[in-house]
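After this come two complexes, each holding chain A, first together with chain B and then together with chain C.
Let's turn to the complex of A and B:
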C-alpha cells in the first residue's frame, strides 16, 4: 500500500554548505535523497520510513566529472547517463560505463546517481563491483570537513557503511586503467534480461598483465554476499600467477566457490549464484589469457 | 537555512512551455501532480516503481520516470509531457508513425513509448535494431509483442529524415 504523502517532510537546500549545516544541526534527523530512483520505489510500496528527507539532487557542488592524468573524479550526484556517455570513462574505465548502461534503462540512468547507488548500499547494485575492481576512493564531506577512504571496506555489513552522521558522499575518485598500460577489464552482469533487471550475480575484475603473468588484480562480486564482495581469495590466487600455469583454472574456480556467500532469494538460488560465480572467475581467466 | 516543509508547499515549473504553480506535498510523485493537479492524464501509471516507463516525461530534456520524481525535485524544471508533443492539430512524426504502423493497442504504454522514441531518435536518427531495443528497454508493452512498435520507430525515423531532407532541399533552392 502506498505511503501517506503528508507524513514526509522534504527540504531541498540550494547549496552544499546549507545541506551540511542542516545535517550537523539536527543529527540523525535527515535522510539524504539523491535521484530518488531507490527511495521512491520504497515510498510507492509503503516501505519508506516517514520523516524528514534532505533532497540533495540539485546541489551543483556534487555533480560532474573531472579528469586528471592519474584518475577520474566523479561527483556523487553524477547520473548513470553522464557516466555512460563520458569519453575517458569509456576508454580507461569501461566497466563503469558498462555498469551504468546496464542499470535499469534510459529513464533510470537519467536520474539515478553513482553516489546514491553507493549510499543505498544494496548488495545487488551494479556499479560497486566495478568500483572495487578499480580500487576507487571516496571523498566524504561534512560540516566538520572532508576525509578520503578506500571504497574497498566502505560497506561494513548489510546496508551498513562507514558514513558518519552528517556526512555525505562528495565524490568518487577512480584511478585510470588504460589498456595501453596492460590493464584488462572484465565485467559481467547476469540477470533475467538485458535491462530493467536486478542482478543474480555481478562480476567485475581488472588486472594488469606483465610478461605473461598477473602483476596486479582486483575483483568485486555483486549479489553473492551481504555487501559488495571483495574477492580476496580470487585476487590472491591470481596475483603473481603465470597465465600458462595449467593448475590456475582449478585454483581460480575453487577460490570463487569458497568466498561467495550466496543465498536463495526471489531472484535466484545460492546454488545457481555460486556456480555462476565460479564460471565467471574462469571466464575472467580466459579473458586474461586472450588479452595477455 | 532551508525552509522545513510542513504540509503542502508551492512548486513552480514549466509544463509544455507554460509556467505552472501547484500546492502539493514535497514528496508527492510528479506523476500524480501531472495527472491530478494539472489534469494532464496523457502520462500513465503502470507499475509505479520505475520498471514500465508508462509515466515517462522529459524533465530538463531528459527522459525520466515521473513516478520516481518527488514534486520538490521538479522545482524550476522544464517538463515536457505527451500533451506537448503535437503542434496544434498536427501530430509529431513519432505519434503519426505509431498510428500508421499500428504501434498502439490498449494505449497505456503508448505515451511513454512515443516519448522514448523521441529521445532515441534525437540521439540516433538512424537507429540500429540494437539501439531501438536499448532505447525502448525501459518501456513495457503487454499487447503488441513489440514488433509493431519497432516498425513504428523505423517509420518515424524515415519520416523525420524525409522531412529534414525536404527542408534542406528547400533551403538549397532558395539560396
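Let's turn to the complex of A and C:
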C-alpha cells in the first residue's frame, strides 16, 4: 500500500438528503465513493488524491432494481452480483447480465456498482457499451433537484461527463428489449483472460429485426476511443438494411474500422483493437442473419 | 515402500497456512523496528553524476545509506563478482538500487523516496540478444558474452554434407517470465558492528544469503545468521535476489546502530526489480533422413542475461544440455551463449534454461515432421532415446526407460487420433470461427545439479533426536510451498520406523542447520531426501551400536533408547553427506559425459481453441504423462505437475513483459496477465514410475519437468488449429493476429 490512510477523510452520511447537502455546501470538495473498487486501486498505487471522500455506499435511496412494463430501473449503487442474479435483466437485458458476469470476478461483483462504473468514466469499462446499445437514460440528483439525460452523449471526452458539481448518479433506466419483440442482443468482452481482465475491446449491439430487415439498431464499443463509443456509422450502415444484402458485410466492416479510434497502450495495439472491432461487427451481422 | 512414503499424507504446515497462523516476514514486528525503502535508477545505463535531496523533507529523521556506507565489499557474491549491492558509479539497468532510506513511518518513507533524485548521464543501452552479440556497444568483457558452452558429438559437418538428408532450419524465441510467487519479497535485519548480522526473510537458499552477507560486512561465517521465515512461493525467483534485499536491510540496520529494519517490496517493485526467466533465441539446423531419422543437430542457443552475470552461466548450462532433447542423434553441436544487456538481471525460474531450449527443439520437431510429411508423434517415436542410447553430451542412458510407452499412453489418454480427425473436419467449415488443434512434446529434465555440481556442493543433512524420541530434520532446504517439510518427514519417519507425527523439520536457520545446498534444480527430494534417509538410518545405527535399540522397536522403545543415549552422551545428532552415485563422469571442459545422475521423462499433449475473431488461444485439455521415479507423496507430485503446467500455460499464451527502455512497464497484476483458474483446463496427470536406484525409495525430481513441455505443445496445437506457425512464446492474441494476417496476405499474393 503506497498511500497514507491518515491523509484521507471519509464521511458516511445516512441519507441521500444529508449527502446532497454536504455536496452543495462545499462544492468541489467531496469525491463520492460507492463500492470503492476503482478508487481503492488508485489508493493502493499511491495515486488517489488526498482529501475528503463521501461514502455513499450506505444510502438506501440509491439501491435496488425496479421493473415496470417498459423499462428496468437500476439504482446507482446496484452491484454486479445483484444485476447478474436478476431474472428480468437476464431475460430482457441479457447484455447487462453478461457484462456483470464478466466484470472482474466474484469479489468485485459483490462490491462494484453500476453507478461507479459509469461515473469512473473509464473507456475500458464493460457495462457502458451495453448501456449505449440499450439506449439507457440516467437520472441525476443534486440539492437543486433531479434531471434525466440520455446515456448516449453523457460522456463528453476522456474522463469528462455531463455530471455537475454536487450531482450524483441516482439511477439508470433501461428500456426492456424482449426477444419476443424481435430484439437480438450481441455482447463480446475481449480481455486476454477469461476473468479479472480489463477489456482490450468490448462490443455491445442490440437490434430489432422485422421482415428480414433491421428496423432499429444501437451499438456501443469499449476500449477503442477516449470514451465509450457510440458506433453511429455502424448503426447507419445497418439501420433499414436488408439482411440478405450481399454488400452488407463490407459496409459493416468498413464502418467499424472507420469509426474506432484505437490506440497502442500497455494492454494492446491499435491494429489489434481495430481488427477485432471489425471482426465483431461482422460477427454481429452474422448473428442477425442467424436470427439472433 | 514404507508406511508413509507413497502416501498422500497431509502437509506438515498446511493447517497453519490455511488458518492464518503462519507468520510471513511482513507479519513479524520486532521492538523498535523501522522501515526501509530502496531508491533506484530510472535510466537503463549511464554514469551517476550525483544525488539530490529536495529541500522541505526532514532528512535528519532518516537513515540514509549509499555505497560509501558499506563496511565490506560492495559486491553480491555469486558466480562472478560483478553486481554491486548499491550502484556507485555506473548504472547498468533501469531498476538498479542506488540509495537506501529508513524511517519509523513507512508512509513518510514512500513520500520521501519521491524527493530523492539521481542525476545520471545516459549512455547507449542494449536490449536485444542479437544487438548484444553484435557487440557494437560493449557492456561486458569485449564481446558481451557472460558465458559460452560448446557441446560436440560425432561429425556434424560431415553429416550435413550427406546426400541422403533433408536439412530443416528454424528460429525460435521465448520471452521473459515473472515467477509471480504469491508473497512478494522482503527481509528484516538486525545488524551492528560488534554484534554481527541476522536476517529473517522470504527466501529459497539460506546459505546463498549467508555467502553474500559475509563479504558485504567483512564478517566471519559465525557472525552472520540467516533465518528463513514462512515463504509464499519462490519458483527460482527467491534464489538470488533475497541476498540483495537482506544486504540492504542489514546495511540500514548497521547504520542505524542495530535498530531492526524491515524492507518489504510491494508487487510493483517486486515485478520491476527482481529476476525473471531469461528471454531466449534458439536457431536449429537439422539433418534428417526422409524417413525421419535424425542425423545431425546444429543448435545455436542464446540467453539474455540482463545487466549482471548472476546465475546466467548455470541457467545457460542446463539449457545447453537439454537443447537436443530426449532424442537419439549421432551428430550434435550446440553453441550456447548468455549475453549482457541493460535489462535487470534475469535469473532462476523453474526449469532453469531447459524450458527455453526445449521450446525451440519441440517446435522444430513439428517443423521437421511437417517438412517430411510425417506425423509429429511418429517422427518423435522414431528418434526417442532408449536405455543404452547416448544423449547429446554422450551420456549413456542406463535407467530403464520407455518414453515410447509414455507417448502412446499420452496419445490414447488425449484421444489424439480421433480428435485430430474430428478437429480437421470442424476447422474446414468456415462457419466455425473457433478453430481447434492438438500438439505434443516429448522431453526430459535432469534432476539435481549438473555434472560434478553435487560433488562441489557436498550437501550435509542432520537429524537430531530429542526428549520423547521426537526427531528433527536439520537441513537448509526450504519449504516454499512445494512440500519439503512433508516429504522429508515422510522419508525420515519411514527410515526411523516412527510415526510421521514424531518427525519435524527445523526452521532453516544457518545458526542451527547444516548446508544441504540450495532449494533449486529439482534436487530437494532426490538428493537431499536421500541424505535425510541416510541420516535417519545412521541415527538408528548409532542407537543400536550403543546397545540401546533392538531389531524391532516401538515408538516408546525408541523414545526410551533416545532418552538413555542422551543421558549418557548428551545430544543425539547425526549427519549424512552427499556421495555421488557410481559411474557419474562429467568432463566440464568439453561438456561431455553424465550430465545428471537421473532424468525425469515426459510426453505432454495440449488441446487448444483459437478464436479467429479475437485471436485468443485457450488451452481446453491437457494430458501430462511422466516418469519421476517413485512417488513419495502422490498428491504433492500431481500438484507439482498441475502447477507447472498452469505456469507454462501462462508463459505460452498469456504472460508478456512489456519492456520499455529495459524497464518492465506492465509491473502490475492487472497488466501482466497470468492465467486464473478459469483459463486453465483440466490437467490430467499420469505417472509411469520407474524407481531410481539412488534416490530415496527410488524418487527423482519433479519440480521443473512440468514447466518444460507445455509451451511448445501449446504452440504446436495452435499451428494445428489455424495452420499458421508461431515461433515465439508467449503467443498473445496480438501475435496470433499478426501471424494470421501475414499468412493470409502471403497466400493472397500467391493466388492473386
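Structure notes:
The criterion applied here is as follows: the second predicted complex is superposed on the first by the 290 of 292 C-alpha atoms of A that agree within 3 Å, B and C clash if a C-alpha of one lies under 4 Å from a C-alpha of the other, contacts with A are read in each partner's own complex, and residues count from 1 in each chain.
The rule is short, and it goes like this: a contact is a pair of C-beta atoms (placed from the backbone, for glycine too) under 8 Å apart; a residue touches a chain by one contact, two chains touch by 3 or more.
Since we're looking at a predicted model, the values are computed, not measured.
Applying the stated contact rule after C-alpha superposition, one finds that A:194 touches each of chain B and chain C. When the two structures are aligned on the shared chain, A:263 is found in touch with neither chain B nor chain C. In the superposition on chain A, contact of A:105 is made with both chain B and chain C.
Contact with chain B, but none with chain C, is seen for A:55 once the two complexes are overlaid on the shared chain. By the touch criterion defined above, A:40 lies against chain B but remains apart from chain C after alignment on the C-alpha atoms of chain A.
In the superposition on chain A, no contact is made by A:87 with either chain B or chain C.
Shared-chain residue A:29: touches no atom of chain B or chain C. By the touch criterion stated above, A:6 is placed in contact with chain B and with chain C alike. Shared interface residues of chain A (contacting chain B in one complex, chain C in the other): 2, 5-6, 41, 45, 105, 194-196.
Those residues of chain A whose C-beta lies close enough to touch chain B in the complex are 2, 5-6, 8-14, 18-19, 21-22, 33, 35-37, 40-41, 43-45, 52-53, 55, 57-58, 81, 104-108, 110-111, 194-196. Residues of chain B that touch chain A in their complex: 1-7, 25-29, 48-51, 53, 56, 62-65, 67-70, 72-73, 75, 116, 119, 133-135, 137-140. Looking at the complex, you find that chain C touches chain A at residues 107-108, 110-111, 266, 268, 433, 612-616, 618, 654, 658, 665-666, 668, 670-671, 673, 675-676, 678-679, 732-734, 737-738, 741. The touching residues of chain A, counted against chain C in their complex, run 1-6, 41, 45-46, 105, 188, 190, 192-198, 200-201, 266-269, 271-272, 275-276, 279-280, 283.
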